[in-house]
Each structure stands twice: as structure tokens, then as C-alpha cells.
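These notes concern the structure reproduced below.
As written, the chains take the letters A, B, C and D, and residue 1 is the first residue of each chain.
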Amino acid sequence: MEGLLPELEVIRKDFPILERQLAGGFPLVYLDSANTSQKPQVVIDTMVDHLERHNANISRAMHQLGSESTEAFEAARDRVAAFIKAPSRDEVIFTKNATEALNMVANTLAWATAELSIGEGDEVVITEMEHHSNIVPWQLLTERKGATLRWFGLTEDGRLDLSNIDELITERTKVVSLTWVSNMLGTINPVAEIAARAHAVGAIVVVDASQAAPQLPIDVVASGADILVFTGHKVVGPTGIGVLWGRREVLESLPPFHGGGEMIETVKMARSTYAGIPHKFEAGTPPIIEAIGLGAAVDYLDHIGLDAIHAHEQAVTGYALEGLASVPGVRILGPLDAASRGGAISFELADVHPHDIAQVLDSRGIAVRAGHHCAKPAHARFGVQASTRMSSYLYTTPAEIDALVESLNYTRSYFKVS
Amino acid sequence: MEGLLPELEVIRKDFPILERQLAGGFPLVYLDSANTSQKPQVVIDTMVDHLERHNANISRAMHQLGSESTEAFEAARDRVAAFIKAPSRDEVIFTKNATEALNMVANTLAWATAELSIGEGDEVVITEMEHHSNIVPWQLLTERKGATLRWFGLTEDGRLDLSNIDELITERTKVVSLTWVSNMLGTINPVAEIAARAHAVGAIVVVDASQAAPQLPIDVVASGADILVFTGHKVVGPTGIGVLWGRREVLESLPPFHGGGEMIETVKMARSTYAGIPHKFEAGTPPIIEAIGLGAAVDYLDHIGLDAIHAHEQAVTGYALEGLASVPGVRILGPLDAASRGGAISFELADVHPHDIAQVLDSRGIAVRAGHHCAKPAHARFGVQASTRMSSYLYTTPAEIDALVESLNYTRSYFKVS
Amino acid sequence: MDLDSLYQEIILDHYKHPHHAGLRDPFEAEVHHVNPTCGDEVTLRVHVAGDKVEDVSYDALGCSISQASASVMTDLLIGKSVEEAMQIHQTFLELMQGKGQVEPDEDVLEDGIAFAGVAKFPARVKCALLSWMAWKDATSQSLRSENS
Amino acid sequence: MDLDSLYQEIILDHYKHPHHAGLRDPFEAEVHHVNPTCGDEVTLRVHVAGDKVEDVSYDALGCSISQASASVMTDLLIGKSVEEAMQIHQTFLELMQGKGQVEPDEDVLEDGIAFAGVAKFPARVKCALLSWMAWKDATSQSLRSENS
């Protein structure tokens, strides 16, 4: 099959969990990577080595372990900066996950003054295909500040409906926040194009790259984003770590987020002054081991090459779309051509509920997700309450897709669907 | 020496980093545990096992790995609940660290309504010995809401000056937030007593147990706290994880913190409803591996016993206080009797700057902290700009204290102090 | 993974042909419960007269387990005294939370014993309990409003 | 850890007997810089006349490295043209950021070459640079206000 990673079997050996046998002796077929990715040995080993030999708190510690820890942590920042082509390492802020990063933006905007302040008459624009983590923070912000939340609708085939963009993005718009790749529909959105429209009216653009970062080469400047976020555990890194990149001018005009150690310049009881970026936004002991693990993770991906990973994802996705279409009663939600989508495919199977599908698949070792995938509004848009989602990644083989398709047919017969 | 852990040599074997050789062939003498603690093998192994065999996202995943991951994560919540004697596991919320936990309280109070709302005329009371992470969030809150920040001063010997408690804690007081054990002075504060006074005027009490949790048996109810926080990396757990415990009624009356996946009941584009505690405060993919590591960490501590650990710390601290007193020119900041303090000892050495002390100690393998230890106001109170801090933990031996004392004498001669 | 122990014939029958489905009048309380993790929903009404569960009606969206559970529940509870119904609720709860170690009592649970297998699938226990929790909530509300 | 390469005699001399210490008039700009991680502080004033660094005066709180560095800096910069001073600043910066790989030029840095050893101690580089950064900041401010 064209586009597959040439060394696929070697790559699979990097992921210890892929050797896992599940109940009934079934080998693991992990098709839930949009939920969280598996971790290569090098990421695990890097974290263990740090814990066993170099562990210390950073910045503040002057001793040898402290220097080693600080250097490893800051080297991770350099690696992440390179991964997303950030113009400056200082623009890379470590967060807990993508959710915290998005909330950091919404929360600091709530207290921002001058240019960035948001109030009555101002509008925030999102889309109907956002993950809850890119909806709820904006609901909270607009509710609390008396501003208005608006959103792009979706077309029948699961793309953004841009037909009313002139009505949506106006001089009232202060923020446009949208996902680069949908975690439910798979759709890849034209972020640069929308960003240009937003910038024309003076709005800032927040891009949720949680599903893009694992799959597409990212160039933050070319993306048009003012702020771009992603989460570590979906890019073969650990949990507990996410990234917020922001243009220096935007980050410098936002007030601090959390107050505490490391984000200060000086503290008196009556008032404090704050450090420059990135530290201003990294209060407290950061996720040190996690950042170091993330550094190893993005290095791993860069080493294989995001172009090659993207090609692999497209090949597997194309093959899966074909395979799913061969199962009677399957309806795919989202674009049908692999070229314009990421590797998450949500679908319905007539007369079987997604939980029941997932359960039968699980009994055969196949891990998929069933439910609303934290995208209830997008499900509501298509009149479905829940769906089944398979999501591949760089370790996924065509044989695993075959197993999925075969098991979906088995599911139909198990539930006696005619 | 009385009070030392009987199996000290066995315990030290649990910590791989203690075998580390530093530059010049010196063995590591780690006296920076108040900054971050070292990790036993069992914590590291638990995390690795999860990453290599069970990794999956939680709650949302219906497959076997998902169930294993969810069970391990929720079991960690049970362990933490037992560790602090929480009346209900639902009252235990996982955060990124203590700093995030404290900011979560200050931030949700900023948007709270009814009883808990804070505005002009209201007061928040802290103390002059707080870590910056328990100062800056309250400065931000009171500034933003037009409320007033007040604080307890300190006595000459480094205790809270409670002489004006009646003036400080009044019917205007909405929140009293204080540290249980000072990270700089070592002082153990009478939290239950102060909590009783705060409750008498209807204020809520926030206890920063970041330095208490590693050293003292904790019973959240007996502590008198309404909210109590601590950080994972100081209790032999990983970075990237902290704990906020809150009384159910308080947590239920606070608005949600971050918006996103897992904290919702249902989401529509126009508005959302939220899940019950603890999920309401855990938006997004939580630090899964980190929570699981923390579970193993508190189990490890519980297995040794917090009473035994506390006795060990007191024995080592007493020995260290004596040893330090024997070095000419040493001035200890904080209480001088081991019984009323934790295991962090900050001191000055006449005519040598703390950085230079730390540097000489480091050249002999001894890791201490030099600077303001994120407690600038407490330093200012004692007229010092920086100090040197040694902090012991359950793996610290009297021989390590001897090495410190000897090296301080060497430092004096190196800098030709007469 | 013994699928058949989960998907007993009784369960699949109730799923395909649910009893007492639909929302009916009269009722004293109506609740809407959601399983936040998967999105399963149930709207449920109770009609309590004196001490008796006169009717339980519902509109459920969800998987076979959650739908069959609602159906079985209405069979069990309608016509019982509130006290008996609460007792049955408790027995079902214990079965579900028993991790597969609790022996179901057919005299009390009737078709409900088919859910014994569900207790071995932790991720599905919430599905089986959704409508039962909704019923308890609605019944408490109806009793509270009666007493006030 | 070669302590002696860090704590050269020259450094300890400047530490014990700092040159040009104290805050003096006249000055065009005063800045206060802090090393947030350790708390070292310096208040620094510059007096620039025409193109010349007429005076640099300071009040510094901090370790031997940071204090000695301020002392050495004033020796090097006072009396130079702003352009020359900036050039020296750049040379010192390169030495400090060179991780111990840069060979110091005694003709340019004079006593400053004693800091070559500091470059091998990443945690101490900030100490050595504190007053230099403050000087650059203050000088830029004075030039800006002159041009406006």
C-alpha cells in the first residue's frame, strides 16, 4: 500500500504495549489514538533515567542535579519550539494539557485590559465541531463578561460552513478559536484562511492543534495562529503536559494566569511584579518529568518525519474508509476523502448502539471509542447521540483495519442485524 | 540516635538516585527535599508498568486498557483519600501541583456567587511566612475584586504572631489561607486553632499542606481546613500532580474552574451543565500516570508510617540544629527546638553569600538550596535577602548532616572568614 | 471477555421490545439523567399515589444495556409499594456493584438477574444503573414535594 | 567541580573591595534588576554625556560572582564611548554564554577574563550577567529619552 511507513514493523517494536495480549488471548489492536497515543520505549526510558539519576527541582536549584534537571527541562522547550517552528523558545509555555492551555487563554482574557479586554458587545467565534475543551471555556468567558458566543455551523459532509463568514467575523469579533483537525469528523480546517479573515478585523486567533500536532507538520507562523495549543499524550508523550505557543506580543499583553513560585520577579506582601515569558505563565513546579518526556516524544516524531507520518495516516485512513464502506449499514460522519481529513473516523452502524459495537470489538482485542468523544454539539448537528470512532496512528497496520472490518461484520451477526 | 527509622539503610536502597556519584567522585548528599523529594523504585516501576502495559485514556474509554487505566486512576484517588483521611473520595481532586490547587480556589472564588462571593469590604487573611504560591493568587483575587488582603506577621523566633488575631479575623474575613508547615522557617503552625477562629466568623479556611504532607500524619477533618492542598513531587511522587481536598459543601458551592472534557454533564453550543465532584474540577485528560505514581507514593509512605517518618525527621532535624549551631557565624532563621518545626532549616553564615555556600557544598556533593525559597516576604521580615536551606527527609542519615557541618566549616576557610 | 454473559437473551429481548416505554401522564416528578462519559440519556416520570408506585414511564436513548435495564426496572417496580420498590432498587444496586461476586436473587429481581453478567464489566455498570438512579431521584422528588 | 576556576583571586578581590560602588549623581537613567530565581538585586545608574559613558554607579545585593561582576564592569565601561562599551558588553556576553569553550580576550576584558571559569557553571552565569544586563537596559533608556 502506497504511503505506509517503510519501517512499520520496526516502529511497532518501539511500542512495548503493542505486544500486550488481552483477554481470550487476542493481541491488542489499538484504534483509539485520537483519545491518547501509545508511548515508545525511548520516551519511557528518558523519563525513568531522569527519575533515577537526575531528579531535582528546576531553576531554583543551584546544585548539580538541579542544573541537570533545569537543562533537560529547558532542552525540552527547545525541542518543542523546533517541532512547531516557533520563532522563539520563550513563546513556548508548558501547561498541564490542551484543556488547561485553552482555559489559560480564556481566563487571562477575562482579566485583560486595553486592546485585549472583552466585554458587552464583543464576540467570540468558535465552531460547531469543537471539542468540549474549546467550547466550555468560551461559554464561561462570554457569560461572565457579558460578551456573545457565536459559531460556524457544519455542512452535511462535515466541513465548516463558511458561507456566512462575513456575518460571523466582524469588527465585533475579539477572538476566533477553532480546531485545526476535528477529533470526531476528522475534518482538516482551513485555519490560515480563517485566521486571515480574523486578523483583518483585528481579532486574535486561537488554534486547537490537539489532533493536528500528532499528524501534520506544524509551522505556527504559517498557520496564522496567534496562539496554538496541543496536548502531550496525543503526540506519543506522557500525560500531565501540554503546550501553549503564543506570539510574543500577545503573551506579553496578557495578564498572568496563576500566581506562585517561578512566575514572579519580586514579591512583597502588598504587591508583586512578574517575570517575563515563558515563566510568567508557568507558576509552581512545572511537570518536569513530563516536559522531558514530551521532548523525547517530539524528537521521536521528528526523527520519523511528520510528512511521512501524515502520508501513513492518509494511506491507513483511505484504506479504512474503503473497508468501513464495505460493511452494510455503516454511515460515516465527516468527509469521505482521505486527503482532506485526519485519522479519526466516526461512524454509525445501523441498529447497533456504539457501546455495544465497542464491547464486541473489545472482546476481540480491538480498542475503539464509543460515545460523544467530547463533541456533543457536532453529534447533535448530525442527529446522532453517540458514535463509534476508530483512530489510527503511526503504528497502525492495514491488517488491523482488516480486523476491525471483519469484527464489525461479526458484530452485525452477533446482534442479528438483517 | 533515638527516633531514626530502624530500617534506614534498607529504605535508602529503595531510592536509586542515592547511588549517584557526582563530579569529583563525591556521593550525593541530598539535602533539598523540601524543594522536591527523591522517588523510590516502586513509584517509578508503577508508572513504567502502566505506560508499557495499561496506557489508555480514562473514563471515556470502554475497552480493556481503558478500564484498567480508569481503575488504576480511581484507585489512586482512593489511596490519596485514605492518606489524608478524607471523609469521601469524591472530595479528592487531582491538580497539576499545589500552586494550581491554590489558584483554583482563588480563581473559582473570583466567580463565586452567594455566600462565597468576594468583593469590596471583604478580606482575605494570609501570613507573612507563606510560599509565593499562597500569596500571589490572593493578591490577584483581592486586587481584581476590590477586596483587601491582610496577613499575620511573624515573631522574632519565626512563629506566627497571633497577638492581633482579633483585629485580623473579623466578620469581614471571607478566607483564611495559611501554610501548615513553613518551607523556609520550618515552623509548624496551629492550624486547627486558627481554623476555629476563622469558622467562628464564617470564613473558609485553606491550608497549604505542601510541607506538612511529606512529614506529618494528616487528618483533613481534624485539621479544621475547608480546603487543603499538597503537591505530589514532595511526597516521593512524580511532578505534574497535586491534590486539592475540599469539604463537599464548599466544593459544591464553588463554580467550575476550567471548562472542557470530563467536567461536563451535557454540552450544547449555547450552554452547558456540569458534572458532580470531583469531575467538575478535573477538566481535560488528567495527569493519569502521575496520579497513579502518586498513589504508589502515598502507599509507600503509609507503609513506613507517617508517625515513624515524623519521628525520623525530628531526630535528624534536632541533630542538624545542634550541628549547625557548632559552626561559627551560623544564624538559624526559625524556631530552635526540633519539636515545633519541620525538616527544613534555613540559615545564614556570616560573610559568605548563600550562593557561594551552596556552590562550595555542591563541589562536595551536598545539595542544598540557596536563595529566597519562594518566600521573599519572610526573608524580608528577618532582614535577609537570601538564605541557605538544608532539608532532610526519610532517607537522610546523621552522617549526611555531619558532612554538611564539616563542609560549612570548609566553606568558611575557603572564603577565609575569620 | 465472555460476551454472552453480558448480552443474555433476556437483555436483548428487552432491548428490542422494551416494556412500558414512552412518557405518560399523570406524574408527580420528571427527571432527566445523563451518563456524562458516554452520553446515554433518560427522561423518566414517576406517578406515586399514596404509598404505591402507580406508574414509571420513560424515554431512553442509549445502548442495549441501559435500555433493557429501564424496561426490566419498570416491570419490577410498577405496582409495588414505594418501600418495596426501594428495597428492590437496593438489591439491584448491590448486584451491580458486586463485581460479579454477588449471587442474584431471582425471587426479587426476576428478569433483572440477567444483569449479573454486567457486573463483571465495570465500564457498563453505569449503563445498567442509569434509569434506576433516575427513578430514585424522581421518586425522592415526588415524596419531597408531597411532604412540603 | 573545580571551585578554584570559579572563585579566582581576582573575583574574590573585587567582591571584598568593589570598585565604583554606591549610587551617584548625575544620572540619566536608573534601573532595578532582579534575578527572580535567587533574589540577587542591583540598582544601577548611568550617566552618559554625548557619546561617552561618564559614570556607572550601583548598589548591589548578591553573591560574590554578581558583586564582583558589577565591580569589574564599571572598571571596564566608565570612560569608554557608548559604542565601545556596547562592544565590550557583547564580548563579555559571548564569554559567559560560551559554556567554557570561548577563549577570553584579555585586551578587551582585562579583569573580566577571570569570569571565564563562571561560564562552566550554568547556574552562575545569570549572577555574572545581572549588572551587565542592567547596564544595557539603563543605557538604552538613557539613549531613548535623549532622542525623544
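To be clear about the criterion, a contact is a pair of C-beta atoms (placed from the backbone, for glycine too) under 8 Å apart; a residue touches a chain by one contact, two chains touch by 3 or more.
Bear in mind the structure is a predicted one, so any value in this text is a computation, not a measurement.
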Centre-of-Cα separation between chain B and chain A, whole angstrom: 31
Where chain B and chain C are represented by their mean Cα positions, the distance between them in whole Å: 45
Centre distance in Å when chain C and chain D are each reduced to the mean of their C-alpha atoms: 76
Contacts with 2+ other chains: residues of chain D: 1, 37-38, 124
Chain A, residues touching no fewer than two other chains: 22-23, 60-62, 64, 66, 262, 264, 266, 355, 359, 362, 370-371, 376
Chain contact topology (line, ring, star, complete or other): other
Pairs of chains satisfying the touch condition: A-B, A-C, A-D, B-C, B-D
Complex contacts: residues of chain C adjacent to chain A: 1, 3, 6-7, 12, 37-41, 61-65, 121, 124, 127
In the complex, chain B residues that touch chain C: 59-62, 64, 66-67, 70-71, 262, 264-266, 275, 279
In the complex, chain A residues that touch chain C: 22-24, 353-356, 359-360, 362-363, 370-372, 376, 379, 385-386, 414-415
Residue ranges of chain A touching chain B (in the complex, touch as defined): 16-17, 20, 22-23, 28, 30, 32, 35-36, 38-39, 44, 47-48, 51-57, 60-66, 96-100, 102-103, 106-107, 111, 128, 131-140, 143-144, 149, 151, 231, 233, 238-241, 256-264, 266-272, 283-290, 355, 358-359, 361-362, 366-371, 373-374, 376-377, 380
Residue numbers on chain D that touch chain A, as the complex places them: 1, 34, 36-38, 122-124
